[in-house]
Amino acid sequence: VPDPRFYRRAGPHQLAYVAKIAGAEFGPGINPSNLIEDVAPLARAGKSAVSFATADFADDFARAACGACLVTVALAPRAPSSCVPLICPDPRYAFAAVARAFYPPRTQSVLISGARAADAVVAPDAVIEHGAIIASGASIGPGCRIGANAVVGPGVEIGRDCSIGANVVLGYCIIGDNVVIHPGTVIGQAGFGFAAGPRGATRIPQLGRVLIRDHVELGANCTVDRGAFDDTIIGVGTKTDNMVHIGHSVVLGANCIVVAQSGIAGSTTIGDGVIIGGQVAISDHLTIGAGARIASKSGVMRDVGPGETVMGYPAKPVKKFWREVATLARLTRKSAP
Amino acid sequence: VPDPRFYRRAGPHQLAYVAKIAGAEFGPGINPSNLIEDVAPLARAGKSAVSFATADFADDFARAACGACLVTVALAPRAPSSCVPLICPDPRYAFAAVARAFYPPRTQSVLISGARAADAVVAPDAVIEHGAIIASGASIGPGCRIGANAVVGPGVEIGRDCSIGANVVLGYCIIGDNVVIHPGTVIGQAGFGFAAGPRGATRIPQLGRVLIRDHVELGANCTVDRGAFDDTIIGVGTKTDNMVHIGHSVVLGANCIVVAQSGIAGSTTIGDGVIIGGQVAISDHLTIGAGARIASKSGVMRDVGPGETVMGYPAKPVKKFWREVATLARLTRKSAP
Amino acid sequence: VPDPRFYRRAGPHQLAYVAKIAGAEFGPGINPSNLIEDVAPLARAGKSAVSFATADFADDFARAACGACLVTVALAPRAPSSCVPLICPDPRYAFAAVARAFYPPRTQSVLISGARAADAVVAPDAVIEHGAIIASGASIGPGCRIGANAVVGPGVEIGRDCSIGANVVLGYCIIGDNVVIHPGTVIGQAGFGFAAGPRGATRIPQLGRVLIRDHVELGANCTVDRGAFDDTIIGVGTKTDNMVHIGHSVVLGANCIVVAQSGIAGSTTIGDGVIIGGQVAISDHLTIGAGARIASKSGVMRDVGPGETVMGYPAKPVKKFWREVATLARLTRKSAP
């Protein structure tokens, strides 16, 4: 369920209203006044929530506990008896519209007047530098320093002894103790999630959070996105260099090292103690095992096992990479005129 | 002609003055008091403007309509009769100096006193968060939200229902309706245009704009440069992820998708519906056809046809890329001891 | 010695106290009350300073002039007679703790109250835009413009006629004349230096500065780190594009060009007039000779000689790169079914 510190739910909505927004239809014998209270992903939607299912998740759909589900006409017969299928041509696109109806974009009016909201909680010994803005519902623990012109968004929680750099922007995040964030880094903006539709891409509401654990240090001008439902998490003691991009719903383990200008795409999970060199790209929805090492400038397109060292584009075991480099050099010399 | 909302012209200047600034000479029988009113690129310079020509553009020069033109002594004889050749050793370098004389760097004094300039036009229902700065001549449409500590530069126009994130910096740009710009993104700074000279590189004035069409969404910590003369344009409905770099005078079509940390170099034109993966680099002055797809981490050094899918460094058709990967792996296995 | 404008030393400390912090032991017959005044790298530590040595630097250790040195038990017998060996299992990790004791993280309280510190020196004709913050001890020369919401940190020096963009963050740096820094760029934050320890990585204090010479221009959203002891230096006339990352203690020569999204890792030295394309990665501790050219998207893992042109991943002479590309394409065609 989206965290009420960050998201205000606009429901419940009647089933008929949900169907209308989705451009969907439902069968006879269903009470159109049934109340839907929330949106949720298929695996976590309860009987008062609406979800969506695509062909890739047909089996999950057949076992789903949701009260209503956006599906194609082809998939509708597989609905479990407790679930009202809402039939539409593009369930993912329709879900984006429904999710916006439950969580309308919130105007952050709390940031309009004055540098510090009346209901923000700031520890007496925290240092708030000039120009920093602390929004409604934010809380800042003892020993923190919030840098000049930084922006701490509504509901953001910061633990003890953190150092937040100048011009940092924090939103939709919970930050632990002893965290250091260097200047210009931006945390908690909506992840890059869109559904293709008849008039171009449409935004899928991003209703998750960013959780930054204790002793994390993030470099300058980094970006950490929040996810659609699952939180983006950076584990205890992990350190990133400058201009690192962490996509939505990424889970980065404890004590990882990420060198400058690397990017990790959405929903990838990275184990503890992984070392990632500079300018690495890691694709979405992968699993990188604990203790893996990824050489600089690699493009990782497949899972990496625990303790493995990979390199190259596409990334492969490091020995293989260097043998291929040597092979190509040798074959080229041979073929020289 | 540079947009007067952003650029204030300092001319007209007498021909003799222009020649002096350029370190150039002109032939006998020319009136040194002739007035030059503007600078322009060769293809668009009229009879009251000064331009420049290099050997690569000798044919264009012979057909040019400009009143005066910086050229080398070798090219001077090809001047059309209506054009006074201004002879100098390095026309591009000289042009940089002349352009600065017509468009001296403008001190943005409008930003000195107070968070909102008296002559800025802000719709009554627009939300301007604390610390945001709205400069002289800027206009902000109904339903907009300007994030905390964002900076809206002189003359910038923003349409309806836009959301501009915290700490965004906007300059020299015209923004349509329903545009979303995430925190930390910087738009409209001078493109990376320099002329090599006797004492190192010298800046070529960048006198263009950035045009952001309706329904565009730009991620966090992106950069979009303005160009020397031609506008940088981002088409309707295009979405970029975080840390994307759009070079000067790039034209990005409608409904494109650009994933995180990709960069598009100056003057490249990209058609509608192009999908660009993460950490892609696209060289300058290329044409990417509509509907093309560029795999993550590719380095594109040549034009890509409409609907083509490319991958690799250098980028090539995606099937060829994977066949080459397989070939090298096979040859390496064979050659193993 | 760390620059007192930026770093306040907390010593001297007694030898016994230093050993305690380091978790180190020293032999009998040494006066535990001996005073240690500073920390320094091995090559520059005098008799009142403590340093550290690892097996890689055993010969340097045997010749060192430092008064005390953190070393392993194996290396201790090689200590010169003037140096007290402080024996510990992990000298680099221990040194991080000792350096923090001499240079405790400084609370920048000077930035708390008011946009301009009373002791900042700002030339009368400098333009300080609205929202810009000038901290204690900073000095800004004649003809400068400091952009809206920019932050000039404690002790920062800026020469004449510089243009500092909106939302720029400057710390621990000395900036020459006629420098242009575009919006969103962050300079002087701690470099990415950590020592592995029993409870994860621990920060090595970064006690150097960033020196930006005359006529440098840095693009938007760049990052330039300061180093542990050696200054990060950007030479006269060098220009960088947007989102360029300059690591700690990098020395970039005069009149270099660095295109967008490139990164240079720590302690690499780059000669004058080097041209670096876009999205290049250069590894740490390398030497790139004057006049070298590095093609876009290269990954440089070895030194590059003066005037050489390299390309590829790993980077190699450009002709070799293209021959290899051709060889692989030919072998792939041959092997096609």
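The chains carry the letters A, B and C, assigned in the order they are written, with residues numbered from 1 in each.
By our rule, a residue touches a chain if its C-beta (ideal position, glycine included) is under 8 Å from a C-beta of that chain, and two chains touch if they have at least 3 such contacts.
Remember, it's a predicted structure, so these values are computed and weren't measured experimentally.
Its C-alpha atoms fitted onto subunit C, subunit A is found rotated by 120°, rounded in steps of 5. Subunit A and subunit B touch with mostly distinct residues; of the residue numbers seen at this interface, under half occur in both copies.
Averaging Cα coordinates per chain places subunit A and subunit B 32 Å apart. Shown for subunit C are the residues that touch two or more other chains, namely 131, 149, 167, 184, 221, 243, 261, 279, 313, 328, 331.
Subunit B makes touch with subunit A in their complex at residues 127-131, 145, 147-149, 163, 165-167, 180, 182-184, 215, 217, 219-221, 236-237, 239, 241-243, 254-255, 257, 259-261, 278-279, 296-297, 312-313, 325, 328-329, 331-332, 335-336.
Subunit C makes touch with subunit A in their complex at residues 105, 107-109, 111-115, 131, 133, 135, 149, 151, 153, 167, 169, 171, 184, 186, 189-190, 192, 194, 199-201, 203, 221-223, 225, 243, 245, 247, 261, 263, 265, 279, 281, 283, 299, 313-314, 320, 323-324, 327-328, 330-331.
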